[in-house]
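Shared chain: subunit A. Partners: subunit B in the first complex, subunit C in the second.
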Partner chain A sequence: MINIFRSCSYSLIGLGALGWIGILLTTVMFAGPGDSALTDFFAETIIIAERLETFDVDFTYVADDLFSLMAQLNLSLLIITILMSLGWSAGSHYLNIDSPGKAKIYFIHWIIFTGIFITIVLGIVIFFTQSSTFESAQFIGGTGMTIITGLSLIYYFLMYYVGVILGTARFARSSVLFANKLPGNL
Partner chain B sequence: MLNNRFLGFIGVFLTITLISNFTVAKEKCSPEYSLPEAQINSSQENSDDANPVFVYFDGSLSMKGFVVDQPGQKNLYVSIIDDLQQIAENVGSKTYYHKFGSKVAPIKENEIAMVIKEGFYTCAGNVQECDNQHTAIDLPFKAAKANLDATYIITTDLFLENNQLVGSTLSALTKPLKSVLKKGKSIGVFGIMSSFNGKIWGIPTSTGATMPYRAALTRPFYIIVIGDQKNINQVRKNLEEQHFIDGDEAYKYALITSSPVSQNLNQAKILKESSIGALSKKDGFKFEYLDNDLALYQFMTTKKRKIEIKIKKSDFIVNGSSGVSSYRIEETLWWNEEKKCRNIKEPWKKTNHEKISSYKEKDEFLYLNAFKHAPLKTFFSKFRYFYLINLYADQTGKASETIFADWSIRDSDAEDFTNQNPKVFKTLNLTKFIKILNSVANDTFEPRLIASIAMDFEVGKK
Partner chain C sequence: MKNFIVGIGGTGAKCLEHLLHCCASGLGPEKLWVGMVDQDEANGNVSRTKVQLTKYMNLRRSLRDDAKHDLSKDSNLFKTEITSNPDSVWLPLGGADPTLEQVIFYNNLKTEVKNLMDCLYDPAERKQNLSEGFRGKPNIGAAAMLATTADEKDVFWSQIYKAIDSARGGEEVRVFIISSIFGGTGASGFANIARRIKTIQKEKNVTTNFHLGGALMLPYFTYDVPEERKEELFAKPEEFLDQTKWALEYYSKLFEHDKIFDQVYVTGWDPLSKLKNFNMGGNLQNNPPLFSELYASLGALKFFASENKISDNQEIFHIGKNDSNEILWSDIPKVSNSLNSKENIAKLIRFAFSYNWMYAPALIGSWSKIKRYQNENWFKRLVYKNTYNNESKSCEVGHENNQEVVLAMKEYCEDILKWISDMQHSTVLGTDQKMNLILSSFFSEYKAKSTSNRVTIKEKLNASEKNQFKELVSDGKNLKLLNIMSNICYKKINKEQKGLGVFMDILFRSCEE
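Let's look at the complex of A and B:
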């Protein structure tokens, strides 16, 4: 059990190494739009500017809702990333590795688990940005949608990967891509 | 004591409820807009029955053949001219008769019977005086300009040479017509195929000279009526009832007018809730005419819906007229971030759409394709919208040209056509003449408001 807690701690350290950016971003977004580079980025890149211009809708009309949507999206992704990362880290201790080289077989399990994680991330992004659940999602343009989806996948996968690479049980490291390259005393 | 207090409380409660309900009902849930004034068809407004009628009979030699019976052919000219006196009297109070050819001369009432005799078309004077092969159609048209309240009935074969339809002769024809049409008057052209037994004079040849033709058994003559639409319709009604009731006679009619729009659909309350199609069956749909006659549709719609307003053309186009060839849509779209009427405090914002809707014509209907250029899928469900469309008639139609096309022969084709020895002779430059009338009508035409329609709506998320 101590090993599991240790794994989870390592995993949290790994998650924190990148996760602080996400936490900061989410906090800023919950605070709402202000006179910042992030607001400018949303106004210039994320929103469907041409259509809003046709309807003569000022960005300030949509900024609050859009920031709130993005904050909720990031919070959801942060939670799922942390849960999945910790889940694998804890679960790796229960992998039955009873012969040399068997850990490598569990690579398939890791790949499937990671695939599920990526699918969930993608699903969450689509749910927030393309379903009709959130009205403000209509203000996100095609480019904005691509950027949000791409960045979310890259960022949260990296966060998850760093989390699991550090958190996976030492005897099961061969099942995680490049995890066996870590120093043995970590 | 308690009872009185209780009743007092109930009274106050009911009063407040009633006042608040009244306030809600009177809530203004639309942006500030102004409606263009709907013009009334002035030609239909003139109800002065005391207008004189001037009847002009073409006395040119080519008309003579209409009064000579052709065995086996029905002589409509004689029977119609016989009735024309009575038809003219039905239309106006006093009737004046004239004969025209190269000049106009008045004829007495007791001489009218002569019109259906050969002698009316025969000239007893010298050669110069008897140049009666020419039809100076511009002369009665000029006269029509003099008294714009009168009705003018011109009977002619409309056999017009090319040189009568160019230059100064053309302007002598078009100028008075412009004045007449500008005053809201119309021109009714009745074409009647009748028996013919005589010579047709003045057929142009390739050498520049003219030739006569006498083998025709039938040819059309025309009754041109200039005046109020109601008087023209009266003449039409009388002619049709008395002579064309079977509908088998070769009879054509066209109304050339600068006001082909008979009525404003809002004032006549022609637009109905069903005009918008299946959308009217949806929950929350409401249709009403506002105090300013604006037809207002209120609804909730999905982003996928296509909205079309179906209008029957005969509801606004003058019967028998050349109609409308193009329409203009003036439109404005507003949005408000508050969907609930009572919460609307901020002013409505106007969108920057250049084009939102379009129209198409199919059979007897005009379809207003709302949001054709700005589909509902591009609308944001977050807002409430108010859309105002003013539909105008922008240009008069050209239907009359096609109506008479098969009775017309071009100047350049006249000789070849004559050489084929036709039994049914066509009218020289008839299409050209109708085109000229249409172009004059179009010049004097002013865009006319057909309908003003508003849509107060919300768009669903899907």
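Let's look at the complex of A and C:
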């Protein structure tokens, strides 16, 4: 059990290395829109100005809701990334890696697990940006959708990967892509 | 503190075999000199211990080398620095095929002394060839032993003299003797050698710092003698109890009048273990290790333990197992408060198994074979880094000198597994007792009647057999191979450790919860 805690500790360090950006952004978004570059970015890139004109509203009308949407989206993605990363780091201790060379055969398990993670991330992004839960979602354009989906996938996958790679660096490293390239002391 | 142990006769040698394995598990003192006394030089029991002693000393030397492989001082694996004479066995009677007549110069004796000898020994006993021991006749052994001299120049006795000199110099010295009370060499040697040591101590006027301990094995095994050999001269099991009775009466009187031993450990076994392979001496007398011998060796280790405070009174200890017919881990006593025999022995058994079947196969061979593991953490951290040569820029685990250590450890691990399996089967064979300290059936085969290879262990195990590792030691810990792999990945490396010593110690430490 102590080794599982160690794995999770290493994983948390990895998650923290990238996760602080997500936490900061989410906090800023929960605080609401202000006179900032982020607000400008949302107004100019994520939202379709034409659609706002159609409904005869300006960006300030949807800004609060859009920030709330993005904050909750990021919070959900942060939670799922942390859970999945810690889950693999802890769960890999239950894989039957009982002899030299055996961890490699669990690579396929990791690929499937990672596939599930990516699917969940995509599902969360689609839920927040395509459903009617948030009114502002209807103003997000194709470019905005692509940016949100792409950035979310890249950022949260990277965060998950760093968490997983550090969490399994000692024990199940051969089951994780490129983890074998890490130095032995990790 | 200097420690010396002498195993007398076949039983003494067998007890030393247990002691060596206990020392490998970390139960022994820091330093120990080991010697054996047996007139039957080719005796299978003695030879086996001699080989084991050499293996222990060589492997320990390889793994405690500051320059190459170092387990470090803190490691319990092969903790005890064991030394011995170049020939670890002392033959009381030298020369080719000596007889009692030759030893006591019978033909040169005065008539009245000759007549006395005729009363004590019949012609067959006087003319018996003693090159295969004293054949269960302590009266012959005692006379023969007394006829030898405890010469300071003799390689065996010089160690005793040195020990007593060290005590006179202020260093604490402990000497321990193990033998059987029945049989020939042991029964005749125990008291004689102890009294000689005491005499030297008195001659050297050493009154403090020197302690003498002993373990006496009461009858604990028996065997069937074939009808056609009943007339021959050898140790007869039906005489064991009578011999023991007389010997105990003798010791009772001896201990009453003279304090020879500081501590005596007395062990026996009831019902007697039944040996299937009768041989009266020589290399074919290769008896199995038995549980009661483990008690004697643990008694010796208790005597050597620094926590053992020796009082001025002569102390006699005895030990018993639980009342049921089952021999349990809880029947194995602690060596001291800080040395838990059960835990150390269980750890050694798990280490032997996991090294022999899981890790040694990955480390044996040339680099082209071994390199497939080079990116795994355990290998990178524990083996690769520590066998990497900065000059040749390569990992040298596959080099001949490293392979010697890897293979020697594998051989030692096989010996440990054979020892514990043999002891478990042979102790209860033919009795209604049960001994389930380990589950050995899935990795070994036991042939009771075989002399040289009673236990054979499988070369390879399949997945389901490997999976039975969790039931290997019946101590309720349920440690799996998976846990061991996980442990070796996380255990901290001691800064003093070097070479293959790093991996060996971490694997050993990983074999406990």
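Throughout what follows, the second predicted complex is superposed on the first by the 183 of 186 C-alpha atoms of A that agree within 3 Å, B and C clash if a C-alpha of one lies under 4 Å from a C-alpha of the other, contacts with A are read in each partner's own complex, and residues count from 1 in each chain.
In this section, a contact is a pair of C-beta atoms (placed from the backbone, for glycine too) under 8 Å apart; a residue touches a chain by one contact, two chains touch by 3 or more.
As the structure is a computational prediction, the values presented were derived from the model and not from experiment.
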Report clash or fit for the pair subunit B and subunit C bound to subunit A in the combined superposed model. fit
What is the contact status of A:Tyr61 with respect to subunit B (first) and subunit C (second): first, second, both, or neither? first
Per residue count on subunit A, the busier partner among subunit B and subunit C is C
So in the superposed three-chain picture, is A:Asn3 touching just subunit B, just subunit C, both, or none of them (first/second/both/neither)? second
Contact-wise, after the overlay, does A:Ser136 reach subunit B, subunit C, both or neither (first, second, both, neither)? first
Rounding to a multiple of 10°, what is the angle at subunit A's Cα centre between the Cα centres of subunit B and subunit C in the superposition? 160
Between subunit B and subunit C, whom does A:Glu53 touch in the aligned arrangement: first, second, both, or neither? first
In Å, how small is the closest CA gap from subunit B to subunit C once the two complexes are overlaid? 53
Taking the stated contact definition, name every residue in subunit A that is touched by subunit B in one complex and by subunit C in the other, in rising order. none
Considering only the defined contacts, which subunit A positions touch subunit B in the complex? 51, 53-57, 61, 65, 132, 135-136, 138-139
Give every residue of subunit A touching subunit C within the complex, in rising order. 2-3, 6, 93, 96-101, 103, 169-171, 173-174, 180-181, 183-186
Which part of subunit B faces subunit A closely enough to touch in the complex? 335, 337, 349-353, 374, 378-383, 461-462
Interface residues, subunit C side, partner subunit A - complex: 358-359, 362, 372-373, 375-381, 384-385, 466, 469, 480-482, 484-487, 489-490
